[in-house]
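For clarity, chains are labelled A, B, C and D in written order, and residue numbers in each chain start from 1.
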Amino acid sequence: MNGRFAAVLPAALLAAALLVAGGAGAQSPDAVRIGVLADMSSLYADLGGPGSTVAVQMAVDDFGGSVLGKKIEVVSADHQNKPDVASSIARQWFDEKGVQMITDLTTSSVALAVQEVARADNKVILVNGAASSDLTGKACAPTSVHWTYDTVSLANGTGAAVVKAGGDSWFFITADYAFGHALERDTTAVVEANGGKVLGAVNVPLNTADFSSFLLQAQQSKAKIIGLANAGGDAINSIKQAAEFGIVAGGQKLAGLLVFVSDVHSLGLQTAQGLQLTEAFYWDQDDKTRAWSKRFFDKTHKEPTMVQAGNYSATMHYLEAVKAAGSLDSAAVIKELKSKPIDDFIIRNGHIHDDGSLVHDMYLYEVKKPTESTAEWDLYKLIATIPGDQAFKRPRGNECPAVKG
Amino acid sequence: MSRRAGLWWSIALIALALAAPFLFYPVFVMRALCLALFACAFDLLLGYVGLLSFGHAAFYGGAAYVTAHCVKVWGFPPELGIVAGAAAAALLGSVFGWLAIRRQGIYFAMITLALAQMVAFFALQAPFTGGEDGIQAVPRGRLLGLIDLNHPLAMYYFVLAMFVVGFAIVRRAVNSPFGQVITAIRENEPRAVSLGYRAERYKLLAFVLSAALAGLAGATKCLVLQFAALSDVDWTTSGEVVLMTLVGGVGTPLGPVVGAFVIVTMENYLAQAGSWVTVIEGLIFIVCVLTFRRGIVGVIAPCLTGRAAAPPAPEPSPP
Amino acid sequence: MPDLLAVDGLHAWYGESHVLHGVDFVVRQGELATLLGRNGAGKTTTLRAIMGIAGRRRGSVRFAGAELIGLPSNRIARMGVGYCPEERGVFASLSVEENLLLPPPVRPGGLSLDEIYTIFPNLLDRRRSQGTKLSGGEQQMLAIARILRTGATLLLLDEPTEGLAPVIVQQIGAVLRSLKERGFTMLLVEQNFRFAATVADRHYIVEHGRVIDAIDNAALAANEAKLHDYLGV
Amino acid sequence: MFSWLHIAMPPAPALFAQLLVGLINGSFYALLSLGLAIIFGLLNIINFAHGAQYMMGAFCAWFLLDWWGIGYWPALVIAPFAVGAVGIAIERLLLRRLAGLDHLYGLLLTFGLALVIEGLFRQRYGSSGLPYTIPAELIGGKNLGFMFLPVYRGWVVVFSLTVCLATWFVIERTRLGALLRAATENATLVQAFGIDVPRLVTLTYGAGVALAALAGVLAAPIYQVSPLMGANIIIVVFAVVVIGGMGSILGAIVSGFALGLIEGLTKVFYPEASNTIIFVIMALVLLVKPAGLFGRAA
């Protein structure tokens, strides 16, 4: 190879790199971008995932497609439940792609990582999929709002109602992960505050397929209530196997602390019947929820989960706040969001606290018996409505500096 | 490679490396550089000693945890935090190596996997690691008390320097007499032993060096992304580094670097493809194994630089 | 007697290295021919190339009139070629009897198990033991015995006497002679031409991947000097 | 953390129940590692797609029921054949091209396959899975005094033990098994005896895959039929095979059941470690017996 030709290829490589880089940076500056950062492909893809993108797009369309004279664009990505992937996507979105707000953020480790990015970049995140109350506790950030639910509200919802109904002795099957421990910790506090007691708990590694050993331990504890402080496939498998081992038939009851309508649909009523759980939203609440859910169903062939609905609600309120503030500035938008009550057909009687938690009504549901159900997605009956100040009351106080100091 | 072509390639790559933060998103390039160093460290073992470790995430992630803890909780400056991380990885590597080095092939891979799983378990259970939330919000701090690493460019050139140091150590090790001995051991261990080399000692040394460099990569990554998390020590991370090396080309100087950049780019851009990520990734691996067995560098580089075929053993050439 | 096996211009490669450079010879029906030559001359490769397990090959190998080049080894075996490899190839994870019964019958006319045990009484006694627990001589007997059942008419035997005590070598010689009486055609690879002389009809000398000479057994004594030269003994 | 330092000893009947439950899990490990061991033995390929094929078995049962109303019992036969046929196609089209290469490449290829298969199923059926009910004949349970044993779980142990023993018998005591063992040792020679070894290899891969699918059908009524069900179990099953000794049939069966038991005990005494214990045992076994418990030294 002669010397002159030898220089051509390296030079071409450089030129190509410049072109690629130039192309990547060419973002039209006059659009408002909303990022949906979700688990698209793994454990939690059904409760958020592509459905979350659909919900956010619906909100954008319903809002009219533009704000402050700029077009609104929705971008989405799969964080694969890896905080490092999530964090670098979020940084790039904020720094390069002009993304103003990120929503969904299923799984706590991802939400916590992205929250730090948002804090550093002074951008807004509205968390819908992660449960950990640490997001508004010791890790709270000024520009983030925890929208739909957190471990505290789940604990208050299911914990208090079940104890009041006589389920005063508990045994926990806990996912050996921070959100599992947080659920167990918060529920334990609620149970004890309501006069119940916790007889024991077993920490189960994530993605354990077989729960029979743990169910036997729960059975032997003679506790009236077996609290399932887990999520996704773990929750599904533990409920399914509890039915197989005759736990419910033997007189003990299951309390699902983080169970979604998609999980119940997947399990089927035969297996899941009688399970009590707390949700922020159910498609069949009233005419408005049914109408919106029908539109969602037409696009996805599934009824929305509270995470997906929460993404719609969060996006809508964010856009309204941007419009009211007349600015995309994070502080101004958050100030606007916090200044008004949050009340739509998804989030009822809500307002945002200084720590970033959105306090609103939660609902305790019981899964119907197969005979009570009239349609494929007719899954829940309402047991109680839990007012926001009860649902989001932290039994052990809040470590968020913004609240303490 | 003709001397001339090599020179031009070197100039182009150095120019690209220096200009990258102005062309591409810096955090993306930094993350890719960390993983590239990780892959180079791994390839030192696979490509030159012929040992497939399936537990390298333990060093990468372990160092990230140590650095995160040192910097965030104990207030170490960044350079000391990185040294602490790499040193911890080297220590861990000497334990792993001491236990595993006598085994070969799949059994070596499995012992390293088993030990790494124990490290992952420790990372989940130990109180200071923050469970699956990891150690978040690790401060980048000031390098040597002078340079503020919160500035993206400062951080980028720091990461680039770390990468160049690590890469140079790998090349130096491979091209030194030590490198020739380990290659000889890979080719024919009994013969190397009969020539009086203490094969296990050399292999152990290579393993510890590889672990330390993987630790350097993990520690640097921890400062870039400002956290250490469970996914860093997960076995899938060990699998990922195997893939990067294979996709790029085992035992080629630039192969692991190219592989790392390809995989990170894929991960980054495919993430926008939503739920099709794993399907596309899987297809790429299948195609690679069926058609690109010597990796991108092993197949393409000879065409670009005018060599007939990749040489069986890598020869010294600057990046 | 017609040619049962005719090898013509056979080339073979292991990877990049060209090992056989045009081997020509024939083995007639009912005959015992040997391939003699030094280490590395290409004798074993010739057997493997006939059997279709030597990597890439070119040329012609005709067995009973049919071309073998291009066929996979299992098809070649099915045509009636029995192969007894160097190092015997006795399977460690199989018992003696399982080893014996392993090669499938390919055509009628093979020996029955009883006949085999009559020829090799040792194997009957040890038929339940693990194949590789046998002594070297017994393993060699087993390796030969198992291709007698199948009905193969041509036996390819790769150095059956290697590393065996003289008394065992004598026994093997007796076995080969009796097989010849039963009508088997055999191609034997040997280094030990003194042994070969006691059993064979004809000898081919292999050197550098070619057959360079053919000597009738009867003419062996007359050609001893030449043979010493070829084999370097 | 380290709460095991002060746990109470459970009463003996409770312990017995846990052992039985462990044995049930062990039967899944045994079935899956058996298939892996057979494949490794002859093909020298570490079949990373085994988990995906297990998942396909469960899905096949679900398809049969949902699309054609074919129930559990026929599915137990049909699914292994159907998924085994897919395995045969995979071997013919892809794995065959890797013959003779380092087994690293087989591992990578099957890893890629697993990603593709699981990705496609997840794309179509979501991640939370589909329900499959226990067949009517096996619903309910027996009170054994120390525990309530669901009939279906009992069936799982008995059936998989039978399948394992039958497989062991075929491989160790029949002519077909002798062929397999011989081909594992020296495939070239076996082919030179007139056996169509490539076909044997294809069928063996198909059989290994069919065993995985069989385990999938068995698992369908217990676990949710989910695209991710195999991804979580595959790494554990690897460990089981390595502990037993790569390629050793008996080793795979014995260590499958034994590790189920050990894991069961761990779930009582140190539940947090129940996913890690298998790796601890693997490390210990490999340090003491480098080729696994039943493996022949290389």
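In the analysis below, contacts are C-beta pairs under 8 Å (C-beta built on N, C-alpha and C of every residue); 3 or more make two chains touch, one makes a residue touch a chain.
Values in this document were obtained by computation on a predicted structure and should not be read as measured data.
S.K.: Please list the single chain whose C-alpha centre lies closest to the global protein C-alpha centre.
M.R.: Per-chain C-alpha centroids ranked by distance to the global centroid put D first.
S.K.: Centroid from C-alpha atoms only, then distance subunit C to subunit D, rounded to Å. What do you get?
M.R.: The answer is 44 Å.
S.K.: Quick one: subunit A and subunit B, Cα centre-to-centre, how many Å?
M.R.: Inter-chain centre distance comes to 34 Å.
S.K.: CA centre of subunit B versus CA centre of subunit D: separation in Å?
M.R.: Averaging C-alpha atoms per chain gives centres 33 Å apart.
S.K.: CA centre of subunit A versus CA centre of subunit C: separation in Å?
M.R.: From the centre of subunit A to the centre of subunit C is 74 Å.
S.K.: For subunit C, jot down the residues that touch at least 2 other chains.
M.R.: In subunit C, no residue touches two or more other chains.
S.K.: Return the residues of subunit A touching two or more other chains; collapse runs of consecutive numbers into ranges.
M.R.: 41, 45, 49, 176
S.K.: Among the residues of subunit B, pick out those that touch two or more other chains and give their numbers.
M.R.: In subunit B, residues 124, 275, 277-278 touch at least two other chains, as defined above.
S.K.: Kindly provide every pair of chains that touch.
M.R.: A-B, A-D, B-D, C-D
S.K.: Residues of subunit B touching subunit A in their complex?
M.R.: Where subunit B meets subunit A, its residues are 2, 4-5, 7-9, 11-13, 15-16, 23-25, 27-28, 31, 124, 130-134, 136-137, 221, 225-227, 229-232, 267-268, 270-275, 277-278, 304-306.
S.K.: Which of the residues in subunit B come into contact with subunit D in the complex?
M.R.: Contacts found on subunit B: 52, 99, 102-107, 110-111, 113-115, 117-118, 120-121, 124-127, 235, 239, 242-243, 246, 275-279, 281-286, 288-290, 293.
S.K.: Looking at the complex, which residues from subunit A come into contact with subunit D?
M.R.: Contacts found on subunit A: 41-47, 49, 176, 202-205, 207-210, 212-214, 216-217, 219-220, 232-233, 236-237, 240-241, 244-246, 250, 262-263, 265-268, 270-271.
S.K.: Mind pulling up the subunit A residues that touch subunit B in the complex?
M.R.: 1-3, 6-7, 9-11, 13-14, 17-18, 20-21, 24, 40-41, 45, 49-50, 53, 75-85, 87-89, 91-92, 95-96, 108-109, 112-113, 116, 119, 132, 134, 139, 176-179, 181, 206
S.K.: Subunit A touches which residues of subunit D in the complex?
M.R.: For this pair, the touching residues of subunit D are 3, 10, 14, 17-18, 21-22, 24-25, 119, 122, 126-131, 133-134, 141, 147-148, 150, 152-153, 222-224, 226, 228-229, 232-233, 264, 267-268, 271-276.
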